[in-house]
Amino acid sequence: MTLPVIGITTEVVDGDHLELRSSFIYAISKLGGIPLLLPKIEDEDIIRGQVENIDALFLPGGNDINPSTYGENPHPKLEKVEAGRDEYELELIHRCLEKDKPILGICRGSQLLNSVAGGTMYQDLDDEYGEGLIQHRQTSNRDFLNHKIEIMEGSKLHEITGVTEMSVNSFHHQANHDIGASYEVSAVAPDGVIEAIESKEHDFVMGLQFHPEDAFEFNEPSRKIIEAFIKAAEKSKE
Amino acid sequence: MTLPVIGITTEVVDGDHLELRSSFIYAISKLGGIPLLLPKIEDEDIIRGQVENIDALFLPGGNDINPSTYGENPHPKLEKVEAGRDEYELELIHRCLEKDKPILGICRGSQLLNSVAGGTMYQDLDDEYGEGLIQHRQTSNRDFLNHKIEIMEGSKLHEITGVTEMSVNSFHHQANHDIGASYEVSAVAPDGVIEAIESKEHDFVMGLQFHPEDAFEFNEPSRKIIEAFIKAAEKSKE
Amino acid sequence: MTLPVIGITTEVVDGDHLELRSSFIYAISKLGGIPLLLPKIEDEDIIRGQVENIDALFLPGGNDINPSTYGENPHPKLEKVEAGRDEYELELIHRCLEKDKPILGICRGSQLLNSVAGGTMYQDLDDEYGEGLIQHRQTSNRDFLNHKIEIMEGSKLHEITGVTEMSVNSFHHQANHDIGASYEVSAVAPDGVIEAIESKEHDFVMGLQFHPEDAFEFNEPSRKIIEAFIKAAEKSKE
Amino acid sequence: MTLPVIGITTEVVDGDHLELRSSFIYAISKLGGIPLLLPKIEDEDIIRGQVENIDALFLPGGNDINPSTYGENPHPKLEKVEAGRDEYELELIHRCLEKDKPILGICRGSQLLNSVAGGTMYQDLDDEYGEGLIQHRQTSNRDFLNHKIEIMEGSKLHEITGVTEMSVNSFHHQANHDIGASYEVSAVAPDGVIEAIESKEHDFVMGLQFHPEDAFEFNEPSRKIIEAFIKAAEKSKE
Amino acid sequence: MTLPVIGITTEVVDGDHLELRSSFIYAISKLGGIPLLLPKIEDEDIIRGQVENIDALFLPGGNDINPSTYGENPHPKLEKVEAGRDEYELELIHRCLEKDKPILGICRGSQLLNSVAGGTMYQDLDDEYGEGLIQHRQTSNRDFLNHKIEIMEGSKLHEITGVTEMSVNSFHHQANHDIGASYEVSAVAPDGVIEAIESKEHDFVMGLQFHPEDAFEFNEPSRKIIEAFIKAAEKSKE
Amino acid sequence: MTLPVIGITTEVVDGDHLELRSSFIYAISKLGGIPLLLPKIEDEDIIRGQVENIDALFLPGGNDINPSTYGENPHPKLEKVEAGRDEYELELIHRCLEKDKPILGICRGSQLLNSVAGGTMYQDLDDEYGEGLIQHRQTSNRDFLNHKIEIMEGSKLHEITGVTEMSVNSFHHQANHDIGASYEVSAVAPDGVIEAIESKEHDFVMGLQFHPEDAFEFNEPSRKIIEAFIKAAEKSKE
Amino acid sequence: MTLPVIGITTEVVDGDHLELRSSFIYAISKLGGIPLLLPKIEDEDIIRGQVENIDALFLPGGNDINPSTYGENPHPKLEKVEAGRDEYELELIHRCLEKDKPILGICRGSQLLNSVAGGTMYQDLDDEYGEGLIQHRQTSNRDFLNHKIEIMEGSKLHEITGVTEMSVNSFHHQANHDIGASYEVSAVAPDGVIEAIESKEHDFVMGLQFHPEDAFEFNEPSRKIIEAFIKAAEKSKE
Amino acid sequence: MTLPVIGITTEVVDGDHLELRSSFIYAISKLGGIPLLLPKIEDEDIIRGQVENIDALFLPGGNDINPSTYGENPHPKLEKVEAGRDEYELELIHRCLEKDKPILGICRGSQLLNSVAGGTMYQDLDDEYGEGLIQHRQTSNRDFLNHKIEIMEGSKLHEITGVTEMSVNSFHHQANHDIGASYEVSAVAPDGVIEAIESKEHDFVMGLQFHPEDAFEFNEPSRKIIEAFIKAAEKSKE
C-alpha cells in the first residue's frame, strides 16, 4: 500500500522565494505521510490539479489573514498580509471540503478554517482581548512548551490524544473569536483563548492554535494528533 | 484533460527551513504545468511515493555537488554542500529514468544528471579551467543576460528553440567537464564551457547551465524550452 | 503631438543622494506621460525654470511635513522632516497653481496641497484621532490593498473613476484634518479619515492619501486616476 | 534669459527605486544650470520627449557597461550591469549628437561615449592593464584627490581649465582602451590610463574618468569644466 | 591545602554553544576559588557526578525562569526561557542543599532559589509592581552602579559586608515577590524590590538580585560577599 | 594676540575610544577659538592641569546624567549613564567657577550646570512632564530647526542674540526642572520646557538645551551665542 | 561506580565571555562521561586544582596557536591568537601527562599536543603546503563529512575504530608538519596532510585534525573514538 | 610642579565625528602626563595656538598617509587617506621641531616623521616588500604581542628600554622604507622591517611601528618608552 500524500502550503518571502519550516516535513515523513509542498498559484485549473494530487491538506502558520476575508476593516495592530494567499488557500479548503479530504490547520490555518465557516477573529489579542490574557507569542525557542491547554471531553481532539490537558508552544498575536456554525471548540488556553476547533460536519477538519509539528518527538499528544491526521489521509485515499 | 504535475526539488537553508525561488513556480504555472515542491526525505518509500505523484522532474540550481558523488576529493574552492541532497536527488533521478519521466536539470541539476551518467566536473572553473574563461558567475541581477551560447545543430535543444545562438544569464562556479556516455553536449559558451547536455537514451532528459525560468517572459528560446519540457510531461502522463 | 511632461519631486536620503520609487516612473510612462524628476533646489530662478519645463506636477509621498508649515509646534510623534523640502515644493505648487498646471499630490503631497490652502493636519493619527481608527500604516507589501474608501458622488474623483468605492493601500501616520477653503473632500476611509481632496478652483489639483502608482496595473480606478492626470497635463500643455 | 536645462541620468537600485548622488544637483545648480533627472524608459517617444526638454546631457557614473555594447564577452571581473541602461543612454546620446546638444560623460558616461564611437574598454584594469598601474579605485572619501592627471596642450580640456595638470579623485575599475575615431584623448593619468576624451566632431562632447562634481568648490579646474559645460548648454539652447 | 571548587552553571545560546560571562571566572579565581563550569545535562547520574566534584554552587544570571516552575501561567511580558535549564539547576540545588554545600544565586539564580522554597515572582516588574518603581534594568554598562540598596541589620549579608547600604548594578525585569518560608529578605531597593534573600536553614545559601562579580574590584561590599562565599566553600570542603 | 583656548569634553564609546561630534570643532575654530579636547581622567592633578590650559569650558551633549548627582533614584526610563563622567565634569566645572572661567553647557552640559547649583531634573520628559509636551527628541537631521523658543527680555541670552524668539533643533529626553538658586531661566520652549539658563553670579556661565554648534552657519542667533562665548573666553584669558 | 570526569577547555570571545560548542557536551554526556568546563586561568594553584578534579582532558578546536609556542615568527596568514590560551593549555597538558591522564586533542588541540613534543606546524596550509592540497576548511555545515582519511594499520586509532578508512569533516587552515619524537602519525588525508597522531609513551594521548564530536551519532568510527577516550578516563580514574 | 601637557591628534570618522582610542589617554595619564586632544584644523593661527598649549606631541596611528606627501603616486593597495590630516599634522610637527618639543609618533605617526625628513615608504608591505615578510597586520586582539623586534645597541631606544629585544603588537600594512637623513633606525623586525626610528638632531623625536600604549601595563619596555617621553616633555616644559 502506498503512503498518503500530505499537501502543505508555503509562504512567499521578500516577493522572490518560497519558504516552509523543515519541522513540517520532518513530522509528516517520520509519521508515515508523503509531504508535497503547494506553492501559491492564481490559476483555478492548477489549484484543482494540486488538490487532485493530495490526500490531505496541511495549512501551516504564517502571516496574518486579510481582515476583509472575514468582513472587517484592518485593525491598527494588524501585521503583514501576503497578497493573494488567503484567496489561494480558501480555494484549496473549499475543494478539499467538497471531496471530504482531511484538513489540519495550524495557527493561521486554524483561523482561516474558522473564517470559511463564518467565524470571526481577534485581529490583535493584546488590544482586543479583555483582562487576564496570558502570553501567546513566546520569545522562547520553538521546543519550549509555553503553557497548558484544556481539551474538551468528548471532542475528537480528546479522543485522539486521550488527555484533557497538554502543554503547547505558542506563536500568535491573532486568535479565533466567534466560532463558525459548523465548528466546535475542542481546547482552550487558561485565559479562555481558543486553542483548537473541529468541524462538526467533516470527518477530520481540525484547527490548532499551537504547533504539534515542533513537539511530536518529545510530547505524546502532539505526536498522536499528527498520526491521526495521517491516518485520516490514508482513509481518505482509499 | 488535467495538466501535468512538475515536481521541483528544494533547498534546506540554515538547517531549519526549505526555500525555492519563485521564478520556478511562476514559469511552470504560466506555461501550463502544476508545480509541486519536493522536500528532501531520507525514506525510500516516501521518495517512491513522491515520484509516483509527478509527471516530470525539475531540478533547480543550488549548492555545490558533493565531489564524492563523482569520485573526487574536495577541491579547496569547493563551496557549501548540503548533506544528503545529492543522495536524495539521485534517488529521484534514478526512479524517473526508470519510468522515462522527463527531467530538466538547471545548473546544479545539470551537473547531477551528468554525474549520474559517469561524467566529471570542474569543481571550480577559475582554478581548473584554462585560459580564456569568460564570466560565469555574474553579479548582475537575474534578468540580465550575461553572454551568448552556441547551440549545436541537430540537437534536441536546437529543435526546441529553433536557434543556434541565444543569450543567457549565468550563476555558477562549477561546470560539467567530461560528459557521461549517454549524454551529448548541445550548447557551449564562447569559451567552450558546456552550457547544455541532453540524454541520447531518454526522450526528454536535459541539463542546462543557465536559467530559462528567469528569462522566459522576454526571451523566446527560454520560453520554448520550458514549454517543451511541460509538453513532454503531458506526454509522459498519458 | 508630443507627450506631456510630468515633473516628479524627489527625496534626499542620508544627506548625499536623491531617491524616488520606480513605480512613479513606470506608471507615468506606461500611461503616456514623460517623467522628469525634480531635485530640490533653493534658487528661485531655477525653480521657475523647472516649472517652465513641465506640464504637470506629481508630488510623491515621503517624510513628514514641517508642522511650522501649517502653524503648529511639533507633536512628540512627529517623524523625520527633510529640511527645506516643504519650502521647495510649496514654491513649485504656487507657480503651478498660478499657471493652472495640473497637480497630483500623493500622501505627503496631498497634505502639502491642503496646507497651502490653509488646511490643518493630524501630526499623528494614533495619538490625535479619536476612537475607531483603522490601520493606515500597513506593514504588508505595497501591492496589498489594505482597506476600502468611499468616494463622494459628484466629485471629480467619482467622475474619473466611475465608482463610489475602491480598495487602496495605505502608508501614512499623518493625515489631513480641516480642509482648506478652496478644497473639497472627495473620499474618506471607513473610519472617516480623509483619503482624497480636490480643488474647487483649479481644473485638476487633487490630493490622494493612497498610492494609485502601486496598483494601476491590476486596479482599474487607480489606472483611471493617473490617466486622467496625464490627460489634464496634455490639455494644459496645449 | 532663462537658464539652460541639464538632463542627468539616474541609476535603478534594488530594482525598485532610482538614485542619484546629490553632488551632481549641487554642482549644476550652483553654477547656473537647471538640473532635471532622466529616469530610464524603454519607450522611444518618451525618450525623444525627454531629449526635447533638455539643453545638455550629463551622464553620471554608475555600474559597469554591458560588454556586448562594445562587442566583447564578459570578463570574469566584470561587475554589476543594469539591464537596459546602456540601451537607454545610447538612445539619449544618439539623439543629443544629432541635435548637437552638449554631453558631459563622467566615469561610466565617458566609457559609453567612447563605445558609441567604436572605442574599446578595459573590463578590469587590475587584470588587463600591464605593469605600473596606480590606484584608480580609491577607498578614501570623495573629497580626497587621489592622483594627478596630465592634460594635453591644445585640447579643449586644456583651453577650459587653463592648466596641464590637475588633481582628481578616482572611483573606477574599468577604463577606455582604444579611442573611437571621432575622439581624442585630452588627459591621462601618470600610468597612462586615459582620464579624458573629447569629440573632434561636436562642439562639446567630453568624457572624464574623474568627478569634477565632487571637487568644484575647492578645485578650480573642476569648477571651470562644469561652468564650460553649462555655458555650452546655454549656447545650444539659443 | 587545596582551593575549593566553585561550580558555575552556563547558558545555551542559539541552541549550539554554551556561554558564560568572564567576570564570574575572574572574580572566583582572583578571590581564591577554582572555577569549573557546569554544562546543562539531562542525565541524573551525570548531575550527581557534577555535584560531587564541586564544593559550592554559583548560579549566574540568565534568561527568565519558566513560570510553571512556580506554578503560574506565562505573563505576556515573559521573556525567553531556556527549555530544561530550570529542571537542571533545580536538580543541582536540591543535591547541594542535601549535602549543605554553599550556594550563591545571582539574579535569575536568586529567583530560582526562592522558587524552590515555595516563593513567588514578579514575572515583569513594569507590569506587575505598583507605583514608585525605579529602574531595575539599566542600559548603562555593567560597571555603573545604578542605585543603592538597604541591607537589613542582623542579616548574614550585613555580617559579611559590614554595611547597611551599598550601591549595585541592576539588570533584571523579574524579581522575587513572596519569599519562601525558609528564606529571609536581607536587602531591598529604595522602591522595596527585594535585592537579597538568605536561607534560614542552611549555612550559606544566598540570593542576590545584583552582580557583585562585576564590581568586586572597586566596590568593597561586593568583594566581601564573594570572599565569604569562597570561604564557606572551603569550610564545606573540609 | 593669541586666540583663547576652548576646552571641550568628550564621550567614551564602547569602553574603548573617545568621540566628539565635529560640529563643535568647526564652530569654535570658525569663530575664533582654539579647540582642545578634554578626555575624562580620574586624577585630580591632571584635571587641575587641564583647567590651567583652557580659557573656557565647553560641555557638549551626551549620555544621561547619573540621578545620584542630583539626589534621585533612577527612573525606569533613564538611559545610558557613562560611569565617572559626571564626577569628572563636575570637577572641571568647580575649578572653572572658582577661576571665573566662562562655561557653555549644551544639553547634558546645561543639566549638569543646574545640578551643581542644586537644581533638579526631569529624568524623562515623556513620563514626568504634564500635558502639552511638544517634540523634544527630533528624528530629523541636526540641521532641521524643530521648534521655536522664547527668550526672556533682559536676560544675557537676549542681550547676546538681540531677539526674543529663535528656532532651535532638539535632541533630549531629559530637561532641567527646578532651577538652582544661582541661575535664572533665560529661554523656554512653547510648552514651557526650559531651554536656557544662565548664572546670576558669574560673568558667562550659560546652559542651553539646544545646539547652536549645528546651526551657527545659517542661523544668526546661534552664531552670536558662540561668538559671545569665545569673546568671554578672550576676556577671561587676559 | 561513578562516571569519569572529562575536563574540556573553553574559548574567550570578545574579551568578555567564554564559549564552547554544545556538541562536545552532548557527545561526552551521551557516551558516559561527566563534562566539566575548564576556564582559562593564570594561577598555577588553580590550574593544579582543575587538573585534580578531572579524569581526562579534552582539548577542543579554536583559534590559532601562537607561533612562538613552536619557535616561529608569525606567518602573514596567521589568524587570531587568544593571548594566554597556549600557556594555560600547555600547563594543563604537562600536568595531565605527569599523571598519565588521557588527553584527546581536537584540531588546535592536536597541534598543541604536537608542539609540546617538539613538533612543527604549517601556519597556513594554502601558503605553505605544496601541490595537490584538497579542501581542509569546509564551508559546508558540520554534519557534512568532507573527505576520507586513511588510518594506519597497527595504530591505536586503528585498534579503536577497527577501520582503515573513515570520512571526516574538516575546519582547519593550519596542520601539524613534523611530528614530535614521542608521537606517531596514525591517519592522513588523501593529500598527505596529517589527520591523527598518537603518543608512543602514554596510554591515551591522541590528537585528531577532525571532529568526531559532530559525527558520533551517525558515524560509527567517530563514536568509537570518543567511547575509547571515556573508557580510558574511567581506567585512569581507578 | 605641574605635569606636562601631551597633545594627541585625532581621527575624523564618517566625516562627522572625531575618535581616539582610550589606551592613549590611559597610558599618558597613568604615567604622569596631562592628555589634551588636538582636533584637525585648517587655520594656521589656531594650530600655532594648539602647539603653544602643549609640551609634547603624540601622533597616534590611523589611516594611510597621502602618497603625495612623500612624492609618489597611489599604489593600488593604498587604503583610506583622510583629506587634510597630513597637512595638519605636518604643520604640528614643523612647529614642534622648531621649538624642540618632544614628539612620539606611533605607526602612521612614525611614517609621517620620516616623510618630513625626506624618507620614503612601502605603500603596501605585501605587494612591495620582498621574500620572508612576517605578519605585520595581526588579527589578534591588541593585547597579543605578535612578534619580537631587535633594538640597536647604542640607540636612544636601547638606552630607554635597557633591552635589545622586546615583543610588540603589530597593526600596519605600510612601513618606512628609506630613512630620512636626520633619522636613524633603532629597531627592526625579524624580517628586517623597520620598527623604530629616532632623530639624530632633536632631543626626543621618535617613531615606533608598534603600540606601547596597548602594552605598558604588562610589558616593561613599553612602559619605559612612554615614561621617557613624558619625562622629556617635563624637561621641555621647563
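In this document, chain identifiers A, B, C, D, E, F, G and H correspond to the written order of the chains, with residue numbering beginning at 1 in each.
By definition in this document, a residue touches a chain if its C-beta (ideal position, glycine included) is under 8 Å from a C-beta of that chain, and two chains touch if they have at least 3 such contacts.
Predicted model only: the values in this text are computed from it and were never measured.
Under the contact definition stated at the top, no chain borders both chain E and chain G.
Against reference pair A-C, the listed pairs F-H, E-G or E-F yield one interface repeat, E-F (criterion: more than half of contact pairs the same by residue number). Chain E has its Cα centroid 58 Å from the Cα centroid of chain B.
Centroids of chain A and chain G (each the mean of its C-alpha atoms) stand 48 Å apart. Counting partners per residue, chain E has 15 as the residues that reach two or more other chains.
All chain pairs that count as touching, in label order, are A-B, A-C, A-E, B-D, B-G, C-D, C-F, D-H, E-F, E-G, F-H, G-H. Of all the residues in chain E, the ones that touch chain A in their complex are 15, 66, 73-83. The touching residues of chain C, counted against chain D in their complex, run 2-3, 5, 7, 10, 12, 15-23, 25, 29, 34-41, 43, 45-46, 48-50, 52-53. By the touch rule above, chain E contacts chain F in their complex via residues 126, 133-141, 143-148, 190-191.
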